[in-house]
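Structure first, then comments.
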Amino acid sequence: MTPFHAAGLSRDTPPSPRYRIFGEVRVTEFLQHLVNGLSVGTIYALIALGYTMVYGVLKLINFAHGDVYMVGAFSGFYLANAMGVGGSPSLAKALVVFVGSMIICGILGVLIERFAYRPLRHRARLTSLITAIGVSFLLEYGFQLPSIPGLGIPFPPGPTPRFFPEPFTRVAWEPFGVYVSNYDVISFFTAVGLMLLLQYIVYRTRFGTSMRAVSFDSQVAGLMGINVNRVIAGTFALGSALAAAAALLFAGSRPKVDPLMGLTLGIKAFVAAVFGGIGNVPGAMVGGLALGLAEEYVSGYALSSYRDGIAFAFLIIVLLVRPAGLFGSFRPEKV
Amino acid sequence: MLSVKDLVVHYGAIEALRGVSLEVPEGQVVALIGANGAGKTTTLRAVSRMLRPTSGSVRFRGEELTRLMPHDIVARGLAHAPEGRGIFLNLTVKENLDLGAFLRRDGDGIAADRERMFSLFPILRERMSQVAGTLSGGEQQMLSVARALMSRPKLLLLDEPSLGLAPQVVERIFQVLRDVSAQGVALLLVEQNAHKALQIAHRAYVLETGEVVMTGTGAELLASPEVRKAYLGE
Amino acid sequence: ACQDKKQEAPAPAAPQAAAPAAGGAPAGDKLVFGHVASMTGNEATFGDSTDKGIKLAVDEANKAGGVKGKQLTVKTLDDQGKPEEAAVAATRLVTQDGATVLLGEVASSRSLAMAPIADSNKVPMITPTSTNPRVTKDGDKTRPYVFRVCFIDPFQGTVMAKFARENLKINNVAVLRDVGNDYSVGLANFFAAKFKDLGGTIVADESYKAGDQDFKAQLTAIKNKKIQAIYVPGYYTDVALIARQARELGIKVPLMGGDGWDSVKLYEIAKGALDGSYFSNHYSSEDPSPVIQGFVKKYKETYGSVPDALAVLGYDAANVAIDAMKRAKDLTGPSIRDAIEQTKGYQAVSGVINLDQDHNAVKSAVVLAIKNNEAHFAATVNP
Amino acid sequence: MRPVRIVLRSALPFLVALPLLFALQGVISPGWAIVLISAGINVILAVSLNVVNGFTGQFSIGHAGFAAVGAYTAAKITTAMHGLQIVGLSAGVSDQVVFLLALLAGMVTAALAGVLVGMPSLRLRGDYLAIVTLGFNEIIRVIIENTPFLGQATGISGLPRLTTVVWVGMGAVATISMARRLVGSTHGRALLAIREDEVAAEAMGVDTTGYKVRAFVIASAFAGLAGGLLVHLIQLCTPRSFTFVKSIEVVVMVVLGGMGSVTGSVVAALVLSFALEGLREVQQYRMVVYSLLLIVLMLTRPSGIFGTREIWDIVKLPGGRRKAAGAETSP
Amino acid sequence: MSTPAAVLEARNVTMQFGGLKALADFNLTLLPGELVGLIGPNGAGKTTAFNAITGVYPPSAGDVLVAGERVNGRRPHEICIAGVARTFQNIRLFKELTALDNVKVACHHGRKAGFAGAFFLTPSFVADEERITARADEYLEVMGLSHRRAALAKNLPYGEQRRLEIARALASGPKVLCLDEPAAGMNASEKVALMELIHRIRDQFRLAILVIEHDMRLVMGVSERLVVLDHGVTISQGAPEKVRKDPKVIEAYLGDSYLEEKKIAVPGAPTP
């Protein structure tokens, strides 16, 4: 027994789960968790959408998506600083930063597809999975490099986290002791708005139709007169732009950006996407919210140290009941 | 309207086409027959750019197709009902048909054509809102042909349209093909049912191991002893 | 005992390690400091700071004529924050690059992987920041070649517990630990134990994972627990966000932490959310002592940024080694080791360092209070 | 006389390898030894994962989880036996025996975990299964971090250093011959059939569910072996060595080597391990170069280094079994 | 009423897909060595009948007996072991495996050695492998595919792929062989060859064969008995000659033009 164990400290902490699980539930606390869960869940959902759309058209887990999210945050960071948002916040500036980063990431997404995935389009899908991982590493570790001198801006940002200037002043309300800030509200409604917009694009527009056609069989889609390359590029642009949006909405109230910020969030969003039924747009939204709330209430009412474990256990159980996720349909193939 | 010259296609090491040349005149029916693995499908795929030929040229109304993408080719009035039917298994019969008309904007025109297809293949009307993946083999084949027709093509490539169809339906398919060509649509038809194909073909080519070994009018080939022996099983 | 026993064992696969390796044989006319650090990966920022600190110390030494007429070089090998890589890197440094002294690692989990290699190759190793007691231990005996210049968890944990109970008169605290980080878990455990000994109660014990961005779930759970303070023994990278979100949720009580907090980034991101909070540290940058002021100034000049605790301890680790090498009778591993063991009253930036028989640095800790987004000296706590 | 031949046949690789490994161990410098050993451990991980991802066509991204199970089991046993000595054996020999038993125990527990995770695979396909394996990996981590008995985040330290070139070498040989003999057997073909077309395989009498679980069990057992070897190399057993990222690294090796190609996995594992080692010098640029390497390799050899084939299908060694190689050229 | 001799028996097998009854009260008795044709319009339920018999979809109602033993509800591989092998309407070969390995996969009967055997190369295992390879080669031989032994299945032309599927099915040592449109995609002369092949298989392996085919000339040529499905209902069965003249069949399936077509379709008929 090492002295460390001999001290036997780890034994009396953490407190037994029973005390926490059966501890009385306060309404305000419950509502507060609801608010928190929603504000994180919507972000998961936005990122999950990117995964799910790309998966739809390429059957590819775009591992780099979480890092596109990170790039989104940093483009926001650079834009905001360039425009001196920190000094004099204003909604107009915030909007410019927001749209600007979405565009930057849209372009990034298209480039990634063009150079890392398209050459492998007709190969086994695991092949492009590896390039995806490669791109992911490239972004993560590329951004960890020391800044290039004489560039004017600190790029690459390097490993130390940076402060994301607040785009506008925080206003907070406390209806029945539940803390809600204008950031939460804006973030929530923007996210929902974007999701509805996407829903419309996918199911109501020609682009959406061709997107779905490509997702079912890209070669035949070509025979129908659909420009497959453009559809796929468009899908990447959309997904990546959403990731940027998510990044800014998130960084707004959690103003820390660093090159690996996309890692954890990316995985969680991917899980959310699968949870809702990968390739399925509404599924991704519900999956994101579900995961956000699940995590929130697990760490709120059970044991936060078991959070990830319980979240995954919960996910696995759901998958065992619905093998293709909440919304994914899983019909036996016709033989 | 379509002229293929010295088309060569490789699958990795395998040379599937070794310089195929053929002509499809405006509004005519051209049949392409040959044993399994002769290269018929490959020819069609190369024409509609589902695969990139190694060399050779494909001209459609004077325009080189080998440089275009599949979707441009469709836009120029060339439809392809591929081997293995290539229908969207997760979409309903109706959605499949509508995708066939993807490039068309005339809403009621499309609706009218859809009706026409249903009258040609009543079973499809019955299955209209069923997911295509659950259709029987033959039903899928019908859907594939119907969908190709939805784009109102000037030239229609058909890869074994009668595959797996009941005799009655085979009859109907070939009747449909006659009508279609009567409306001035040219057909490039790959068929194992050589007899029927040659019957409606103005002109026919026989393919063996990636090369054209014989050509002539449908009647001539139908009469030729080699063809009767090799492809009509006599 | 087992270790040695195995070495003369004729067993077929007896470990190589014992082979009389290049243990401290100087590479040419230069003395090599082998530094194992996380230069990439999610702890890159810490490895980076330590490396800067070490390099600064070595430059000074070289300018001052080096050691025993020899110049020093630092050879840094990346371990991506993985224990197995730390082991490989350490082995390479001692056996291939002929490192005279091993420095590193930031995290105990990696130093634990390096320690056996230092011992079996008879190359002294000084870890700047690994606070887990086990790092210098092999079972219950002290590892002959492994030293550290930082506090150990039991000390730093109890420092804050004492301060909270005696100076702040706090009875109820919540603990929020980084469950994946041994440093954080260690501090949390020892703090909790001491705090209870002193009659306080731990009313909530929550966890997060380094890299998390949102802590509101845990904080909400803590919020309604009639707490007077929250002990958050994490790294500044997470603490800053935790502080902000705590305030946003209307948690007004002070936060308390350890030396992992010490970085300007903390204040930059927390934006005043930490005012009224306290953390234990090795020194206060307000301390007029020339050693400290000189270091801070030099560091600013060289790297254009304010040093954090990791840079300070890296600097000290290197200097303790250099000091010992000057005193050592020759530059072989064993003699340097003996010299390091003799280190008494060495005036380092992080305080006066005495190494005890467990090879741990015995030095007083300071508690810093954060007021209008700056750390100010609050108290000194002696071991 | 005949039984002797059989024993010889099945033990041949080991009989050949053992003396060579001892010789190698004799000459190699400790610096290179540890590099080689870590590479060897990656070989074991990659080849075993190939049984699930490559042969059976399932998609597991939680291999490190199984390694963790094996590692902690082995570590617990050797630490418990630390200093103790089996009567009648010299200290050294006794330790080696204990080590062997510990490794085997690790393989067993890992295999049990394999059954656990294999079960869902009966119902789940593709990326849904992937998520389950990933989840398992994370759950293992969380459990360890919360279990004082397993040392929480700090893990178990002070393990005896038992892993050597010989041990890892033999482990790798065992894993490789396992995989090779498996694909060559009816059972192996059953796995391949499942990868190719599950419905057809079942219609041809292959118990698809049973075989999938078996694949998982075998793969995890050897992952457990790798785990046990790793922790007795670094004399420390922490959750940090078995993260999701580690699992991904192994997947990369398998795909890069070529799905279903055993020699491919071996080569990829070695190449990547040594590449990463060589790049250690370049500090921060290390992972950047590495990622570029990945991308370029994949773009230039899209179906992996060897595709689904084995090395001797490409460079024709005398006596090398012809497989796909013949087919490609036959018209 | 159950005929003990029957190798395959379907009793009132019904298959329901949501609202659609794809197969209704399907009854069939196959005696050893019998050659029966299953015909009917597209979507009549022929393939569904196969799926119900081979367990791909468990029947919604009714029983399936193999050699007098109830097998419905069992998993497909169990039914295969019990003695029913099939081919698929849209070819399902193991594309990346060689022709030989495709066949070997199905050779599992009489296999003794387990996984351990494989790892330790025990004698019984080695013997197994040798026997399996030998047998697989036989089946390739029979289907005239020996020269393709080492070729990847995906690179075989369509016709050979169909033959390989039959070889694979045979390798599982079935009592009943179900062929789903074996001639699809073959030209007339290839079909003639296939016809002979089917007869040869039947005689050589003494199995009952149930074949779905739309090519009248082929079914008429091979089958001793025909069963006609339409909308899942059996509308006629009996000797080919009788069935061919059945107005219900002509109306639902063959079409009037058929009589004119049969002139060139039936072998030996005088040709213009």
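All chains are identified by letter, namely A, B, C, D and E, in their written order; residue positions are counted from 1 within each chain.
One rule holds in what follows: contacts are C-beta pairs under 8 Å (C-beta built on N, C-alpha and C of every residue); 3 or more make two chains touch, one makes a residue touch a chain.
Worth saying up front: this structure is predicted, and the values here are computed from it rather than measured.
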Shared chain contacts [chain A and chain C, defined touch]: D
Relative to chain B, chain with the most remote C-alpha centre: C
Rounded Å distance between chain B and chain C, as computed from the means of their C-alpha atoms: 74
Inter-chain centre distance, chain C versus chain D - centres from mean C-alpha coordinates, in Å: 35
Chain D and chain E, separation of their C-alpha mean positions in angstrom: 42
Overlap residues in chain C, where contacts from two or more other chains coincide: 40-41, 44, 132, 134, 137, 139, 179, 185-186
In chain B, residues with contacts to at least two other chains: 14, 134-135
Chain E residues counted as touching two or more neighbouring chains: 47, 56, 88-89, 92, 155
Residues of chain B that touch chain E when the two form their complex: 11, 14, 33-37, 84, 123, 127, 130, 134-139, 141-142, 160, 163-171, 192-195, 229-234
Touching residues on chain E, where the partner in the complex is chain B: 17, 20, 40-44, 47, 89-90, 155-160, 181, 184-192, 214, 216, 253-255, 257-258, 261, 264, 271
Complex contact set, residues of chain E against chain D: 54, 56, 75-77, 80-81, 85-86, 88, 92-98, 101, 104-108, 111, 113-115, 117-123, 125, 128-129, 132, 148, 150-152, 155, 168-169, 171-172
In the complex with chain D, residue positions of chain C that touch it: 1-3, 5-6, 9-17, 19, 21, 39-41, 44, 76-78, 80-84, 86-89, 91-92, 95-96, 108-109, 112-113, 116, 120-121, 132, 134, 137-139, 179-182, 184-186
Chain D contact footprint on chain A (complex, rising order): 2, 4-5, 10-11, 14, 55, 61, 116, 119-120, 123-124, 126-131, 133-138, 140-142, 144-146, 267, 271, 274-275, 278, 303, 305-309, 312-313, 315-316, 319-320, 323-325, 333, 335
